[in-house]
Each structure stands twice: as C-alpha cells, then as structure tokens.
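Multiple structures are listed underneath, in structure tokens.
Two complexes are shown next, each including chain A; its partner changes from chain B in the first to chain C in the second.
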Partner chain A sequence: MPIIEIKDLNVHFGENHALKNVTMSLDKNQITAIIGPSGCGKSTYIRCINRMNDLIPGCKVEGEIVVDGSNIYAKDVDPVDIRKKIGMVFQKPNPFPKSIFENVAYAPKIHGLVQKDGKSKKATKNELEETVEWSLRRAALWEEVKDRLGKSAYTLSGGQQQRLCIARALAIKPEIILFDEPCSALDPIATAKIEDLLIDLKKDYTVVIVTHNMQQAARVSDKTAYFYIGELIEYGITEQIFEKPTKELTEKYITGRMG
Partner chain B sequence: MTSRIIFQNELETLNQDVSTMATLARESVGKAVQCIVNHEPELREEVERLDKEIYRLEQLIEKRCLDIIGLQTPVAGDLRTISTCLKIITDLDRIGRYASDIVEVYDCLASSNGLVRQVNIPNMAELVTSMVEDAVKAFIERDPEAARELFERDDEIDRLYDTNFRAVLTYMMENPHLISSGIHLILIARYLERIADHSCNIGERVVYMVTAERMNPKERKKDHKLNTMCEVPKEPDGDSYSAHELEEK
Partner chain C sequence: MNRRNREAMFFNLFRVCALIVVLALVVILGYVLINGIGKWSIDFFTQDPRPNVHGALVEGGILGPLVGTIYLMLLVMVIAIPVGVLGSVFLQEYFGGTRIGRIWWMVVNNLAGVPSIVWGLLGVALLVYYLNFGLSLIAAAVTLSLLVLPLIMVATKEAVEAVPSSLREASIALGATKWQTVRHHILPYSTSGILTGIILSISRAGGETAPILLTGVAVNASIPGALGDQFQALPYYIYLMTQTTDRTQAYAMAYGASLVLIALIVGLNLVAIIMRNRYREKYRW
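Up next is the complex of A and B:
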C-alpha cells in the first residue's frame, strides 16, 4: 500500500534542473533504495520528502508529494510537523554535542511525546527515560550504552554514533525514516549492523535509503529506483532490477560499466 | 569510456574457456559415435584424451567463476552469464563422460553382427550430435530461440530411444547370443539419450542467461516415454517465469 505518492516532482537549483518529472509511489513498511551516479539527484529527491530542500537558497520545488493523503507542499503545511513524521539520518553521524541520553531525549523534550491519538504531550521524567530506553533498544544500541548514558555522544564509535542518530530519529515516533547514505562513513561491521537494523525497522516504519553501495541496495531493499541526471530511469522490485533490469542504462550502471 | 576493464577481460576469458570446453564436448561425442558406427577403434584413445581435457577445463572454469563472484560481485546480465557457465560446465563434463562410456563398450559390440545399424543407432547418434552442436552454438551466439528448439528434438530422441529399446529387446528374445551386445547397445542408446538431455539443460540455461526467464517444465517436457511408467510431478501453471517469482511458484 503506498504511503508516499510523488507526482511530477521537479526541482530547480537556480538554473540547474536537478529533478525532472519524477512520479512514483513508495509502499508502506517497505525499504526503497535510491541508486544512481553522483549528481543524479538522489539526495535532492530524498530531501524533498521531508522538505529539507526548503533550507537551501534558490531551490524551487514543483509537483506534489502526498504523504498519508495530504500534500506536504501545500501552503498551510508546517515543515516542522512534516519532519516530526518523517525522520532523517545523514551520511555522517551528527550527534549533538551532548550526552547520549540528551541526544535521544532532545526531540521529545521539545516536541513532547507522541500519544496513540497522534497528539503530543509534555513528557514526565519517567516517560522520557522510557522513551530513551525504547529508542536505544530499537536502534540496537541499548546494551552497548546503558551504563554510560551520561557520557558525551562523541565517546561512541562511528557506527554507534550512527545508531544513536537512528535512535534520535525514532524517539519522536516517525512513520517514515529517510537514510541518506547512512553507511558510507562506516566500516563493514558497523555497516552490517545498520543493515540488520534497517530490515528490523521496516516492520514498523517505511524506509527510504539513498546508497552508493549497490550490494547494500540489493541486500536490504524491497524496491529500487535508479536515477540518472535528474530522471527516474527505472523503478521496480529489487530482485528484478538486479537480475534483469528493463533499461540498458540501469544495467550499465549496476554492472559498473558507467557512472 | 568503458570501465571495469579487468572485469570485462575476465568475462571474456571465461567465455572463451567455456566455448572451448563446449567445442571439445561436441568433438568427443562426434568421435565416440564415429568409433562405434564406423568401427574405428583407434578413436577410443582420442575420446579418453578429450574427456580428461574437458574435466581439467571444468575445474579451471569453476575456479574462474568463483573468483569473479568473490572479487567482482557481478549482477544482472553478468551474474546470469556466470551462473550459466557454472551450471553448463557440469552438463558439458557429463557429455564428455558419456562419450567416454560409449567408446568403453565398443569391444563388447564386436560380436553384434551389425546390430548397431539395424537398430538405428546411427540415426539417433546423428541427431544427438547435432543437438550438442546446436546447444554449443546457442551458447556461443547467445541465441535463446535456437536453444528452445532443442527441446522439440529431445522429444524425437526420447521416441527413438523407446523404439531402439523395443527393437533390441526383440532381437535378444529371438537370439539369446545377442543378449550381451544387445544390453550394451541399450546402454549406448541410453547414453545418447542422456547426452541429448544435457544439451537441453544447456539450452535452458542459455534462455535464462539471455532473457532471465526460467523455462516452465511444460516447455521442457511435452512428450516423454517415462510418462507412462512413473508419476510425473505436478507442473506449475503459466508460462516461463523470473527468479523473483520462484517462491510464489
């Protein structure tokens, strides 16, 4: 069932037409991988989904992105509300210069805790502790940090910092999580942990991941979209894309003969 | 600019090795048939030599394929090509073995009094040799249509095997002196029939390599003598299918 429907998405950065007429829908509780050579518009695309491009001067977004039935680019929509619903994890782990606990507790402290009815309420100390533990467990980090929650997040390894960022994104209970090359700064063991985590997370969340690592896309995703110079070239079931892509451009890219 | 030059070269070498192996397998079947049909015992050694060379190539190609999978992480058409190579070298090796088995029974046929010709072995052998040739050609030329055509001819081979089996049985019943050579003739017919099956396996892999479609068992087996002799497993519905549909099937 689609949770995100993108219709005729066009993005310009000044003169540069970065995304051209992209139309696709993303399924709920599935992992969608976005692949393509550098400069093809992958990051631009993923940053449109939670309106992160709004922060870039000269960026113009046209078209519709409908999440749960409403267009997130409608005039009355507050981008902050969108980002509560659609979390994001970046290429380089970027924890706040605070303790491990504070990193995860930061968003619930500001936005309150999301209740079952979708509304937020101010968290008590106990509730905050529960949320931090739940988020860290969900991000498969709790066992490694439970005895040093007060320590600076910078004392963690790169892989742990990235899982901390995932826990931080989970703390406000988003529906969708966007990952922009989450493993490119990590070693193979930390990468494997994140990949296991992604597959575990899709039970409860919809995941979109931009990756340069083709094998990673093949391993973790249900569907794969291939972008080239701002255009969506091919989008389909991952197994099919990696066994018999329908477009020659896709085959050239995934077999390493281009890009 | 073409990238992955080393990978490209490795694939090219692999293709050449498999083509060489396939050509040797074809040659060994041709010589084995020539040996028994034209009574040319001197060809036995040649078939044995080819068998050894085919086996050596199988080992070499398997190593090449595993190296490429391990080091180059191939996908899409490249991965299908490598998986095809890995599968068909087993078929080619078996073809070489059967050719060798055929010449092994040559001595036992010495007293067959021309039974070889009477039971139409030459005709069957000719058809099987052409199937091996065309399977090899379909691989080299990446021709799925030529590969699919092999299956119709396999039905013909199955019929010939059946006919030959009954004919030899009749000769043996009429003249018990022919029992020994008759059994060996049935063995040869069986080896030829198996060689035809392996040619079809190669054809099936060529179809997969080029189109990513897996052939439906219905396409593979339209008319088989064993249908009347054993239970045939239930066949999946529909036409050919892709790998990601396999689990559903």
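Up next is the complex of A and C:
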C-alpha cells in the first residue's frame, strides 16, 4: 500500500534542473533504497519529502508529493507541520552540542506529546523521560547510554552518535523516516548495527534510504530506485533491480562499469 | 643570498616587528600606570572634580565622570545588544544568501568605518534637535549605540556563521521553526563569539569622545538622575585636563583617569573571557 505518492516532481536550483519529472510511489512499512552516482539528485529527492529544500534560496520544487492522502506541497500547508511527522537522519551524525538526554528530548519538548485524540499537550518531566527511554531503546542505544544520559552527546562514538540521531528522530513519533547516506561516515561494525536497526524499524515505520553502497541497498531494502542525472531510470523490487535490471544504464551502474 | 639566509633574514624581520608591537603596548600601559597610579585614592573615586584657585577643575576626584561613563556603557548595552544581535541574526537567517542580504551587509560593513565625529554630527542634528532629545544622556547613548551597532552586527554574523549548518538542519528537520532554531540552537552556540563583539563595542563606547562632545557631555554636570540630563564622562574629562594651563596637576589627574578607563575595559574583557570559556565548555562540537 503506498504511503507516499510522488507525481511529476521537478526541482530546479537556479538554472540547474536537478530532478526531472520523477513519478513513483513508496510503500508503507517497507524500505526503499535510492541509489545512483554522486550528484544525480538523491539528496535533493529525499529532501523534497520533508520539505527541507524550502531552506535553500533559489530552489524551486514543482509537482506533487502526496503523503497519507494530502499533498504536502499544497499552498496552505506549513512545512513545519510536515517535518513534525517525518523524521530525517543525515549523512554525518549531527547531534546538538548538548547532553544525550537533551538531544532526544528536544522535539517532544518543543512540540509537546501527541495525545490519543490527536492533539498535543506539554510533556511532563516524567513523560519526557519515558519518551527518551523509549526512543533510545528503539534506536538500540539505551543499554549503552542509560548511565550517562547527562553527558555530552559528543562523548559518544560516531556510530553511537548516529543512533542517537535516529533516536532523536524517533522521538517525534514519525510514520516515515528519511535517511541520507546514514553510514557513509561510519566503520563497518557501526554500519552493520545501523543496518540491523533499519530492518527492525521497518515493522513500525516507512523507511527511505539514500545510499551509494549497493551492497547496503541489496541487504536492507525491499525496493530500489536508480537515479541518473536527475532522472528516475528504474524502480522496482530490489532483487529484480540487482539480478535482472531492465535498463542498460542500471546494469552498467550495478555491475560497477560506471559511477 | 641563498635560501637559508633569506629565510633567516625574514624570520628576524618578523621577530623585530613582533617586538615593536609588544614594546609599544608595554610602554604605553606602563607609562599610564606609573603616572596614574599615584593619583588613585579614596578621594579620587568618591569626589567630584573641583576647581583650584585659577578655576581649573584639577582638584577633587573623578566620581562624576566615572559614573557618567558607566551609565553610558550600561545604556549602550541595553540599546545596542538586543538591536544588534537580533538584527544580525534576522538578516542572516531570513535574508542570508539573497541579494538584499548581501547589499545590506555591504552597508553595515561600510558603516563600521564611518568616523565617530560623523556619528556625533548625526546625533546632534537628528536626535538632539530634530527629535528634540536635547543635549542629554539618552541622546549620547543612542548615538554611541548607532556607532557600535555595526561592530556588534558583524561579530554576531561571524559567530552565527561559525555554527555548522548541519546543526541548523537537524533542528529544522525535527519540526522546529526558524525562530525556535535561532533561540534554542544558533544563539546559544554562538554566544562566545557574540560576547567578544559586545565587549569590544562597549569598550569602544566607553572610550569615545567626539560623539558625546556633540550630544550631551558637560563640564561639571551633576550625576544624571534622568535620561534627559546632561552628564560628565571620563574621556571628556581627560580631554579637559589636557586643555588646562596648570599642566603638572592636570596631567596627573588625566593619567589617573586614563588608568581607570583602561581598568574598566580590562575588567570587561576578563568578564567576557570567563563567560566565553563557560559557554565554550558547555557547547562544543
């Protein structure tokens, strides 16, 4: 069942046509991998889904992205509301220079906690602590940090920092989480931990992951989309894309003859 | 001359330059200290300037000028810090990277180079007479605030730019608004840099003579009780002392007062260093 439907998405950075007529839909509770050579528009694409490109002066986005039945690029939509519902994890771990606890508690603190009736209210200290513990457990970090929640996030290793960033994103209770090359700054062991976590998260969340590591795409994703110079070349079940790609460009890329 | 020799020669040249800088500083500070410290006494800090038999204000102390200068510094802090810091952050976060933003920063950078007497002229024409502030503490404080505004703005801009954009993105991606991002992240993380600019500005405001000369400082004014009153100030007092005929006594008073002014500025810098280190400890990336 599709949760995100993208229709005729075009992105321009001034003269540069960075994404060209992209149309695709992403399934709920699945992992979709975005692959392609450097500069093909992977980051641009994923940043359209939570309207992060709105921050870049001179960036123009056209087309529709329908999430849960409503177009997030409709005129009356506040991008801040979109970002409250879609989590994002970046290429380099970017925890705030605050304590581990403060990092995870930040979003629930400013947004309040969502109640059963859909409204949100200010979180009590207790509820904040619960949310922080829940998020850290969900990000498989709790056991490693439970005794030092007050310590600076920068005392953690790179892999732990990245899982902290995942916990921080989970604390907003999103339905969708976007990952932009989350492992490119990590060593293989930390990478494996994140990959396990991704597969575990799939039960409850819809995951979109940009990666330049094709083995990673093959290992974790259900579907894979291949981009080349701003165009969606091929999109389908991951095994098919890797074993029997239908387009020559895709085959060249995954067999390593390009990129 | 071979390469080794040439390198040695340049290295010695640099050494001489560094020595000149250090010597100049030591000589100036030492000279003021030696000549001024003798005047420091309880009376010097608790009495107003008094005329001697010839009518020159070389007796008594510097209470009035000292209080006037402290009032000026405080007022400049109250006016220039919020306007400068918030204005700068606003320009940076909302117009950063746009043409309007670039033009505006060009204007600010140029304003930083405008001579202080020109600000004084603006202050007297616009504030004192056109807006009817009269010659007053508030007219002088606003003029000095305008003068230091570009300094605070440029320092704030640089401090804000030093915050990695990845932290800004992290906050926005969590659904924080721009203002929340500024208040919870950008400002706290750039506090140490902003403080440097603030201290520099306050020191500058405390030491300026030309602008206050035109906008409200007065010989022997009493300690101001309201914003509309005239006032005395240390730099102006020092200037007056150099204008009297009674050189020996007047210069001694001028050195004593200069030492107070320097101590004020050094004190401010120490406070800034302590606060800066505290913030740097707290927010490190």
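Keep in mind that, in the parts below, the second predicted complex is superposed on the first by the 258 of 259 C-alpha atoms of A that agree within 3 Å, B and C clash if a C-alpha of one lies under 4 Å from a C-alpha of the other, contacts with A are read in each partner's own complex, and residues count from 1 in each chain.
One rule holds in what follows: a contact is a pair of C-beta atoms (placed from the backbone, for glycine too) under 8 Å apart; a residue touches a chain by one contact, two chains touch by 3 or more.
No experiment lies behind these values; they were computed from the predicted model shown.
Engineer: Would you sort A:M214 into first (chain B), second (chain C), both or neither based on which partner it touches?
Structural biologist: first
Engineer: Kindly classify A:T255 by the partners it touches after superposition: chain B alone (first), chain C alone (second), both, or neither?
Structural biologist: The first partner, chain B, only.
Engineer: Scan A:A74 for contacts with chain B and chain C and give back first, second, both or neither.
Structural biologist: A:A74: touches no partner chain.
Engineer: Looking at the overlay, what does A:I237 touch: chain B (first), chain C (second), both, or neither?
Structural biologist: After superposing on A, A:I237 lies in contact with chain B but is clear of chain C.
Engineer: In the superposed model, which partner reaches more residues of chain A, chain B or chain C?
Structural biologist: Counted on chain A, the partner with more touching residues turns out to be C.
Engineer: With the two structures laid over each other on chain A, which partner does A:M52 touch: chain B (first), chain C (second), both, or neither?
Structural biologist: Only chain C is touched by A:M52; chain B is not.
Engineer: Look at A:P245 in the shared chain and tell me whether it touches chain B only, chain C only, both, or neither; answer first, second, both or neither.
Structural biologist: First partner only, chain B.
Engineer: Does any part of chain A touch chain B in one structure and chain C in the other, and if so which residues?
Structural biologist: Shared contact residues on chain A: none.
Engineer: Residue numbers of chain A touching chain B in their complex, please.
Structural biologist: Result: residues 214-215, 218, 237, 239-240, 242-245, 251, 254-258 of chain A touch chain B.
Engineer: Give every residue of chain C touching chain A within the complex, in rising order.
Structural biologist: 96-98, 164, 166-167, 169-177, 180, 184-185, 189, 282-285
Engineer: For a test of understanding, state which residues of chain A touch chain C in their complex under the given definition.
Structural biologist: Touching chain C: residues 50, 52, 55, 57, 80-81, 83-85, 87-88, 90, 92, 94-98, 106-107, 110-111, 152, 154, 165, 168-169, 172 of chain A.
Engineer: Where on chain B does chain A make contact in their complex?
Structural biologist: 2-4, 7, 73-80, 211-212, 242-244
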